[in-house]
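The following pair of complexes shares a single chain, chain A, combined with chain B in the former and chain C in the latter.
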Partner chain A sequence: MIKRIVALFAVLASLATWAEAQEVKVGVNLPYTGIGAEFAQLVDRGMELYLKLNADKVKPYTIKLIKRDVKNPGGADAKIAVQELLTQENVDILAGWIYSPNAIASAPIVTAGKKLAVIMNAGTAHITNMSPYYVRTSFSMWHAGYAMGEATSKILKAKTAVVGYTDFPPGKDSLAAFKRSFEAAGGKVIDEIPMGGAGAVPDFTPFFQRAKDKKPEVFFVFVPAGDHAAAVVKTYAALGMKEAGIKLIGPGDITQDTKLQAMGPAAVGLVTMHHYHADLDNPENKRFVAAWKEAYGAAAVPDFMAVGGYDGMALIVHVVQALKGKVDAEKALEAVKGWKFASPRGPISIDPVTRDIVMNEYLSEAVMKDGRVFQKVIGKIDAVKDACKEQKIGPCAPK
Partner chain B sequence: MLLGGIAAGMILFIVSVGLSVTMGLMGFVNLAHGGFAMLGGYAIVLAMKHWGLGFVTALAFGFLATAAASVVLERLLYARLYRATELDQVLFTIGLVFIMIASLTLRFGPENQPLTLPRALQGQIDLGFVQYRTYSLVLIVTGIAIVVALWLGFERTRLGAQIRAAVDNRRMAESLGINIARLFTITFALGSGMAALGGGLGAEFLGLDPQYALKYLVYFLIVVAVGGLGRVTGVFFAALLIGVLDFVLKKYLPQGGPMFIYAVTIVLLLWRPQGLFGGKAA
Partner chain C sequence: MSEYRGGAQARTALARRHRVRAWEPLPWIVALGFFFAFPKHLGFGTEVLVTILFALSLDLVLGYAGIVTLGHAAFFGVGAYTVGMLAKHGLWNEPLTSLALAGIVGAAVGLGSGLVLLRTRGLTLLMLTLCTMALLEEAGNLAHTWTGGFDGLDSLPIAPLLGRFEFSPLYPTTQYLYVLVVLFLCFVFVRTLVYSPFGQSLTGIRENILRMPAVGAPVPRRLAVCYTLSAGIAGIAGGIWAQANAYVNLGTLGLDRAATVLIMLALGGRGRLYGAFVGAIAYMVLSHFLSKIYPTAWQLGLGLLLVVIALFAHNGILGLGETVWRRLRVSRPLNMGAPQHRTPNPPL
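After this line comes the complex of A and B, so read on.
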């Protein structure tokens, strides 16, 4: 009898440790409140939707998300949150990062903590060089900026451009990327206008008036998606720049899906280069958009941030499966390299050298179709790598 | 092209004039003034969005609703602090601002509330010699109409004379039988209502989110400091000056960001501490 009880306890104990090994803790940092709350919601929903739709792919393991609010784009909050996730929650994997300064500030902690860290939005190119554990499933500013510079010259046949950008790291990155490829292809950037910070939406009128007076063929604008983007399109229309023959172009932040319909006819004619928008025509995206609407309401629409979260979670699930639930950072990095996935944005993979994403870039034009603004794909570049790290430019050169 | 700057100046004027008058009249440092502009802006934009009110009707609604709310706050809270020190007033009003910010975030979320202008006010208008943004011109005309109305009200009506008397010498005005408490309430309501108008009219340029009350407070205070306390015309010209300077500097020297406008303010105030148009004693 006693032997039986002991045996039973032994079985129970082993079951308990087995169950413990099955749970993988993912520490998420996102700006759940404050000015970035909309962005956090999109990434968060992207992650949750992947887990919901792919419950059978997660089994026999469970993924527990531990969420921390980092409302300030300045970096300090994120550093504290990441430290707490590592030391108090003992998470196995880190994820999140909307704002570049937050990812930059967290880098030393991530390196010291030795955990896989999946960046789901922050797009400043050199961030992935700052810690060997950073892996990015979103984008680098150079993906769209560099491709757009080339397309502006070769497809839009423009010779002169004015660049307006929000004055923080990804803005400067976007300007550098566009300028480099546009001028290499024979174009000329005739003016560069810093347009206020990321923390608050400025009145864009003086900056746009300046751009209009310079009479460029195209006006390349990088601002953070969201309210900044809505204000850009409004000001562009109100100042009559379209009628003056100046084309508004930029990365897809200015035509963010969640803001696009509210922009209405003012958005028609905008040309953007980006890796995702909800109108992309491929089976994975059709399923993704339909599932999104079913989960979050018919009026809801996913965007590039949502896809960053969705694909990031797909990568995490892949790592958990490959390592059988025991996520060791060094082995995880091996599992990440060469990972391939059929994303709603098209085929993606992680570059084994830079740990940054490789994906298609789509050149799109906003048109009216069936009473709504529709993003029509007019050009596509396959398997684009981050040009900044490819060409080892400035801070993107390995240390 | 100065029109853009003049339009921005008009918004500054409409919001700030109430602050100048209440500060000049009551000697009350009301840092929550931007908060009233924000509340008014929300009332106007949301009334248009949810109740389908027209732009002008919504503006009138925002003016009245904010003025009414401010009377309640003035009687309940502000009136108790009229004789308090300036530090107490500052602490009280800044606390009120934080409550306003938190309540709006809780109720409507942190995002921007877009103002949808009537079709007729969107886009460009041809003035013969130049094409310009219709709404900027509407703002300029509205601003001029308001300053003329306020000036007439101040100079030509009994109420205006009472306010001027109270600003210049409160004790003398009181001993002449002017009911200062009632005058305070009316002026405060008018000032808050004007702020609400500014919040709604300016939403197209300044946006409207819960941080509005603090984000632009510095600009409103600069205008009042430069224009002088309790001076309608002073505030008008100061707002135009700041609006135009800010616009021109941002356009021609965008690298400087908002630094220049603060530098200009410091120089102006060192030169004339009482404000560009203020009297000696103000």
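After this line comes the complex of A and C, so read on.
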């Protein structure tokens, strides 16, 4: 009898540890309220959609998302959120980060907490150098900027460019990346125009007039995704720059899918470089966009932020499977480094040296098709790495 | 206001008001108890203490002197950047001295801007304080080689406190106690100040700025001194925030921070020493836990509370508590550090 009871307890105990191993806690920090709420929703939906579509890939484990609002880009609230996810919730993996300042502020805690941390948006290039546990599934500002410089010279055959940028670090990053590769390929940046801060949408007319007066072949613009982009397109059309033969180009932030249709015909002719837009023609993306519309309504459309969340969750599921539900940070980093995935943005992988994403960059032109603005791919660069870390420029050089 | 018949009486009245009441050690015991009871919440606790300190500095200008400002984060940010830039560029990283320096720089900026701004009143003053802050924020953005711009300065190499206690990023025990001690010292300073004749004259200025020169109070100088001291304390709050987080960015200079602290003070009750405590704690605890439960809709709960407070309790939570207390015990007078609307003595 006693033997039986002992055996029963042994079975129960092993069941309990087994059940414990089944659940992996992922601590998600996103700005669910305030000006970033729109972005947080896209990343959040991307993560949830992956889990919904791939329930069988997650089995036999379950992934529990513990969500925390980081409220603003100030750093302090994000830091507390990450701290508490680690010390109170004992999460196995961290994920999220829309704003670069928050990822930068969190870095020492991530390092001290020793957990895998998946960045799903924040794009300042050197962030992944700041903690050995940071892995990025979104992009670096250099991905699109650097590729665009090269493509402007080689595909668009332009020799002169003016750069207009929103005067904050992503804008400066984008300018530096574009200028470096464009001038290396034989082009010349003839003017650099800072166009106000990121806080409010300025009147772009004087900046654009200055660019127009310089008569460049292309006008490269970096502004934050969202309302800035809509104003850029409007001003470009109003000043008749297209008629003057100046092509408006930029990273895909200015043709964010969620804003593109609202821009309407004014957006036609825009040439952008980015790793994702909803019109990409590949089977994974078709499935992704269809599932997105089914889940969130016919008018909803995913964009590059949504894909950052979707692919980030794919990476997390891969790690959980590879480590059989016991997520140890050092082993997780090993598992991450070998990861390859057929993403809606095409094939992606994680660079084993920098822990940053390697992906295709697509050169696209906005055209009208079936009464809507359609992004037509006119060029592609395969397996692009973050050039800032590749070439060890400025803060991207390892310390 | 020195030579009049009731001078001795007034002095006694002031001294009596300054005495420490039986319940006053309570907040500090609670703060210490929090340290032992919730070791996993110390990061949040530290942020609350810093915010109380910041709100206290605002209370001095807004609650006592009646200077309406929307740009108080300017001094918070200046203090934070003083600590941040000195540490990041390898110039100075000893916590106590750099904190003192943050206070001095904050006060200097307060004095410089105050001498200009305080010539105006009301809406003009409000706009100018806002402008000062916006200018500083933009200057911080432009000087990005020094300030790190939008991304800020990270991983500040702050030296151990007193050469012994490390600032751990994951378990901020040192930070919590350090901030608590600094808050206590600043509080004692502010408490002494507002109960002093100087503090009384500030209340007088707030209540009737035209009458104060008539009793011989140098109004512009009093306001400038008050603004400078308050800016110094805000600078200390910013400096200690940068040390506790080992991090500083443009958010410290933002309207968000300035407006939030104003709301906290209104919530707690301005012109009351403990209004900063009650307001900051109520606002932050509510938003912290509501945002944990409802990450996407927590602001609704907080907004409703603010509407209720604004409609039914003009003097904030403390004012409400005081009213209720007075009604319950009409016979016994009570003073929670409330502003004196009546002169302390019978009319002359």
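Throughout what follows, the second predicted complex is superposed on the first by the 385 of 399 C-alpha atoms of A that agree within 3 Å, B and C clash if a C-alpha of one lies under 4 Å from a C-alpha of the other, contacts with A are read in each partner's own complex, and residues count from 1 in each chain.
Everything that follows uses one rule, which is that contacts are C-beta pairs under 8 Å (C-beta built on N, C-alpha and C of every residue); 3 or more make two chains touch, one makes a residue touch a chain.
All values reported here derive from a predicted model rather than from experimental measurement.
Colleague: Sticking to the clash and touch definitions up top, decide whether chain B and chain C on chain A clash or fit.
Modeller: Because the two structures are overlaid on the shared chain, the partners are seen to fit without clashing.
Colleague: Which partner does A:Thr33 reach: the first (chain B), the second (chain C), both, or neither?
Modeller: Touch status of A:Thr33: both partners.
Colleague: Kindly classify A:Asp167 by the partners it touches after superposition: chain B alone (first), chain C alone (second), both, or neither?
Modeller: both
Colleague: Looking at the overlay, what does A:Glu243 touch: chain B (first), chain C (second), both, or neither?
Modeller: first
Colleague: If you stack the two complexes on chain A, which partner ends up touching A:Leu86: first (chain B), second (chain C), both, or neither?
Modeller: A:Leu86 contacts chain C only, not chain B.
Colleague: Counting residues of chain A touched by each partner, does chain B or chain C come out ahead?
Modeller: Tallying touched residues of chain A, the top partner is C.
Colleague: Measure off the angle at the C-alpha centre of chain A toward the C-alpha centres of chain B and chain C in the combined model, and quote it in steps of 10°.
Modeller: 50
Colleague: According to the stated criteria, A:Ile193 is in contact with first (chain B), second (chain C), both, or neither; which is it?
Modeller: Only chain B; A:Ile193 stays clear of chain C.
Colleague: Classify the contacts of A:Gln209 with the two partner chains as first (chain B alone), second (chain C alone), both, or neither.
Modeller: Only chain B is touched by A:Gln209; chain C is not.
Colleague: Determine the nearest approach in Å between the Cα atoms of chain B and those of chain C after overlaying the two structures.
Modeller: Scanning every C-alpha pair, the shortest chain B to chain C distance is 5 Å.
Colleague: Enumerate the residues of chain A that count as touching chain B in its complex and touching chain C in the other.
Modeller: On chain A, the residues that contact chain B in one structure and chain C in the other are 33, 37, 167.
Colleague: Quick check: in the complex, which residue numbers of chain A touch chain B?
Modeller: Listed in rising order, the residues of chain A that touch chain B are 33-35, 37-38, 167, 193-196, 200-201, 203, 205-207, 209-210, 213, 226-227, 230-231, 234, 237-240, 243, 262.
Colleague: Which of the residues in chain B end up touching chain A in this complex?
Modeller: 1, 4-5, 8, 105, 109-112, 114, 122-124, 131, 133, 135-136, 204-207, 209, 211, 215, 246-248, 250-252, 254-255, 257
Colleague: Name, in rising order, each residue of chain A that touches chain C in their complex.
Modeller: It is residues 30, 32-33, 37, 41, 67-69, 71-76, 79-80, 83-84, 86-88, 100-101, 104-105, 107-109, 111-113, 124, 130, 167-170, 172, 197-198 of chain A that touch chain C.
Colleague: Over in the complex, which chain C residues touch chain A? Could you list them?
Modeller: Residue positions touching the partner: 40-41, 43-44, 47, 138, 141-142, 144, 149-152, 154-155, 168-172, 241, 245-247, 249-252, 254, 256-257, 291-292, 295-299.
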